[in-house]
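There are structures below to look over.
Both complexes below contain chain A, partnered by chain B and then by chain C.
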Partner chain A sequence: MANIAAQRIKREFKEVIKSEEVAKCAIKVELVNDSFTELKGEIAGPPDTPYEGGNFVLEIKVPETYPFNPPKVRFITKIWHPNISSVTGAICLDILKDQWAAAMTLRTVLLSLQALLSAAEPDDPQDAVVAKQYKEQPEMFRQTAKHWTSVYAGGPAKMSDLDDKIRRLTDMGIEEHNARVALSSYNWDLERATEQLFMTVMAKN
Partner chain B sequence: MSKCELAEMSTAKEQPGPSKPSGSAQEEKERDERMFECNICLDTAKDAVVSMCGHLFCWPCLYQWLETRPARQLCPVCKAAISKEKVIPLYGRGITKQEDPRNNVPPRPAGQRSEPEANAGFSGFGFGEGGFHMSFGIGAFPFGFFTSTFNFGETRPGAAPRGSPQFLEEQFLSKVFLWVALVFICWLVMA
Partner chain C sequence: MSGEEYESDMDYTDSDCGDPGYDDYYNNQQWGSEADNDIDSEQNKKDPEYAIHECLKVEEVERLLNENVEELSNRLQITPSLAKVLLHAHEWALQDIILKYRNDASGLLVTSKIKSSHEPDSSIALRGARTGTCLVCVNTLSLERFAALTCGHTFCKDCWCMHFEVQIIQGISTGIGCMAQDCEVLVPEDFVLSLLTKLTMRERYQQFVFRDYVKSHPQLRFCPGPNCQIVVRSKELRAKKVICSSCKTPFCFRCGMDYHAPTDCGTIKKWLTKCADDSETANYICAHTKDCPKCHICIEKNGGCNHMQCYNCKHDFCWMCLGDWKAHGSEYYECSRYKENPNISRESVHAQAREALKKYLHYYERWENHSKSLKLEEQTLETIKSRIHKKVMHASGTWIDWQHLFEAASLLARCRYTLQYTYPYAYFMEAGPRKVLFEYQQAQLEAEIENLSWKIERAETTDRGDLENQKDIAEKRRVTLLKDFLEV
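Let's look at the complex of A and B:
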């Protein structure tokens, strides 16, 4: 059975490299090991979204039972999106679960993920905090997502006001990523983020 | 991004090259070959079957897909409802290969073949196509006589070919009528 999986990935790999999306730099696939069980994907942030200009790296694990079961995909690049965990990069997308069909390929999976970046599903969230912000404060969400894109995915936007708030926290000895997560989760309210950070520090001690 | 730009430049360079016609011919050939690839293993379909929605698969591949999700039997391409019974095998002209014994897959369903409809009329009793029938009844004798006598123009439908479902049905019906007649005669004798 593993033979079918490897054979198919080999064929898909050849095909995806030749596809026009790769030529346009929208998607990319690379091999991680020789056995075709693990791959590295890359998608470009779609235009007219807060992810524009960013490059998002994905971990793709191909199960023995592929293509009868979906590949396991998660974001390695940190991203602020209602359907993607800001902590683990786990993705909530139906085609990677029960809506998988054997005729889908690496190419269609990557294109679906790119489509997910342009059209979030806040009613079926993976990250509840992000989804709440997306629904209740869309402008705040946009700013946060853009900021994360510029920091983690090489996006172009520089947001000095947000950077300043993070610096305020890092000056207090808080790790930068933790500071960013706390601020993002509390709609960039410096006081509440600080409170929450020190509460968790105290709880640990 | 810089890598991508390079890639774009190189493809742009290749396009106006002199080897364009042969390239397109090869592409066409590739496309022709891909038309007969299984939608699951992406290889040329072996023991090919086609779903009612028209999608091509190897029978072992499709069987495994249907076994993976017995509760959700959907076409892997278009997600139309499909079932093992409702696939059509494709018989090309090539050699039919022996199935790999490692795949514990039941044989591919056979095609459904129905006999063409028989057009030749029944020419019984030497009366030709006219179909001359006579009957003498008691009851409403004169009317019965008329109805059974003046049907010259009509042809009787031909007997169903042996082995077809229609033939079996007719056999069954004739047995039923025979038993009804016997019961009726018995009842008459008893009364």
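Let's look at the complex of A and C:
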């Protein structure tokens, strides 16, 4: 079984490298070890989305039973997206679960993930907080996603007003990422984010 | 089939009478000799919890299913294997399938996932006239080593075989699908068996397929008895009592659990989970699992996504509200909201929790008590036996004169069993006049049962008039309560 998995991955690896998407720098894969059981993927944030200009790194684990079972994929780069956990990077995508078919490849997976970045499915959320914002406050969501792209995925946008709010919290001794998560979750309402952060601190004490 | 036929299916031998085993003693409603059978079947018809059923062995079930398969394959001129896919997809409703087939054969085949909704296309990369590359294992092989489904998707036979094995290991059999991307077509049985090489895998596949067929058939249910191979068939698709003729396990035909009238299937499940609440497992199950709203299989949530798909029946539903996922457009956030009563102050929360616990304990103690009493009746049976022996030895009546005591004990057990199951029902019942009526009837039943129990334990003469009277009253109370409250 493992034999087929390695054979397939080698072949797909070449397929991705030669594909036109690589030429356009849209997708990329790298080997992590020699046994082809783990790979590192990368996708570019699609144009006209808050993810534009960012590069998102993925962890791809190939099971022994590949391609009869799907690869296990999650985002290493932190991302603000309804179908991707902002905490763990876990992805809710049907083709990585029951809709997987043995004839699919790493290339189709990476392209599907890229398509997911352009077209979120808020009714099928992985991260309920993000999905709620996406549906109820689309502009706020766009700003937040753009901000996360710039901070974690090397995106171009600099949003000084959001950065200021984060600085206000870090000045109070809050760790930067925690401050960002709290503000993002409370639609950048400084007061509510602060309240939530200090409530947790108190609860821990 | 008639009640008489049912009687002839069950073998009640005299040896049953000598068996002190609690199960036998309680479960055989026809406790006396075989001559009583006609009377008993009359009584069965009056009993609101009785369902006509027959107990089938695996071969008999296979024969029954095959008859359906054969008829459908003859009527529609399709292979038996495809007929099985159709029957499984439509709960074995033969006439229904034929009707749908006559109306729109192609549409039926597509919705039953036998035919692709797309034009057949090939997924094989041809290399010259005689060889091709399999897109799964990327080996280039000669064309006779490939196989295709009706959708045209062609892969090498080794890959198909491997695909089947991986699916079978995961417990999937009738649900094995094509390997191509976005293809919905299910792999029929003959295709799987023609390519599956390992004998153990073939056997497992056939077992799983059989299990799926029985589960999809509304008239069939596996006996839940340990290591019991019997399948019970009943045409009454209700939550009524059936008894396995082989291992004597009584169970509810609808949910396959211990029989539970007058409580319904969902309520008893809730109750039993609640009762088992002190164990960590139950806590985990409560916190991390829910039952599929369609097929009721227990599902563990293993990811953050609230869009769940049941691995058993493939039903898509929302983890939060258990509603159908399809209807889940904009309402999603409604179901994630915790609707709490804003008037409850912190203090009264504690008071309420205490009150709730008190209420639960009230019902639980009674439930537990009757359950224990039922087990104690086993001892009573032994006492009755020795008492009869003594009486007969002292020439106080013959052995036959005393047989009625066994019948009385059997009836007592039956009444106590129903009484035990009235407690979960009452616990979950909403307050109101109906609950008042229920609790009144429950109290009446309880009183008569205790009277009966008392009289059985103290029966000193062969004069059975008083005891017969008490038996009749208790059974009438039980039947009345079931008639009024058993909703099946």
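Just so it is clear, the second predicted complex is superposed on the first by the 205 of 205 C-alpha atoms of A that agree within 3 Å, B and C clash if a C-alpha of one lies under 4 Å from a C-alpha of the other, contacts with A are read in each partner's own complex, and residues count from 1 in each chain.
Simple rule for what comes next: a contact is a pair of C-beta atoms (placed from the backbone, for glycine too) under 8 Å apart; a residue touches a chain by one contact, two chains touch by 3 or more.
None of these values were measured; they are calculated from a predicted model.
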Would you mind checking whether chain B and chain C clash or fit side by side on chain A after the superposition? clash
First (chain B), second (chain C), both or neither: which does A:Met199 touch? neither
Just checking: does A:Pro125 make contact with chain B only, chain C only, both, or neither of them? Give me first, second, both or neither. second
A:Arg11 in the overlay: touching chain B, chain C, both, or neither? Say first, second, both or neither. both
Please work out whether A:Ala103 is in contact with chain B alone, chain C alone, both, or neither, and reply first, second, both or neither. both
Which partner does A:Thr65 reach: the first (chain B), the second (chain C), both, or neither? both
Of the stretches 24-32, 42-50, 96-104 or 186-194, which one of chain C hits chain B? 186-194
Mind sorting out which residues of chain A both chain B and chain C touch, each in its own complex? 4, 7-8, 11, 65, 67-69, 98, 101-104
For chain C, which residues are in contact with chain A within the complex? 123, 135-139, 153, 155, 159, 162-163, 166-167, 177-183, 303-307, 309, 311, 314, 328-330, 332-333, 336
In their complex, what parts of chain A are in touch with chain C? 1, 4, 7-8, 11, 65, 67-69, 85, 88, 90, 92, 97-98, 101-104, 108, 122-128, 131-132, 135
Residue set of chain A touching chain B in the complex reads 4, 7-8, 11-12, 22-25, 65, 67-69, 98, 101-104
Touching chain A in the complex: which residues of chain B? 1, 4, 7-8, 11, 39-43, 55, 61, 64-65, 68, 72, 74-77, 79
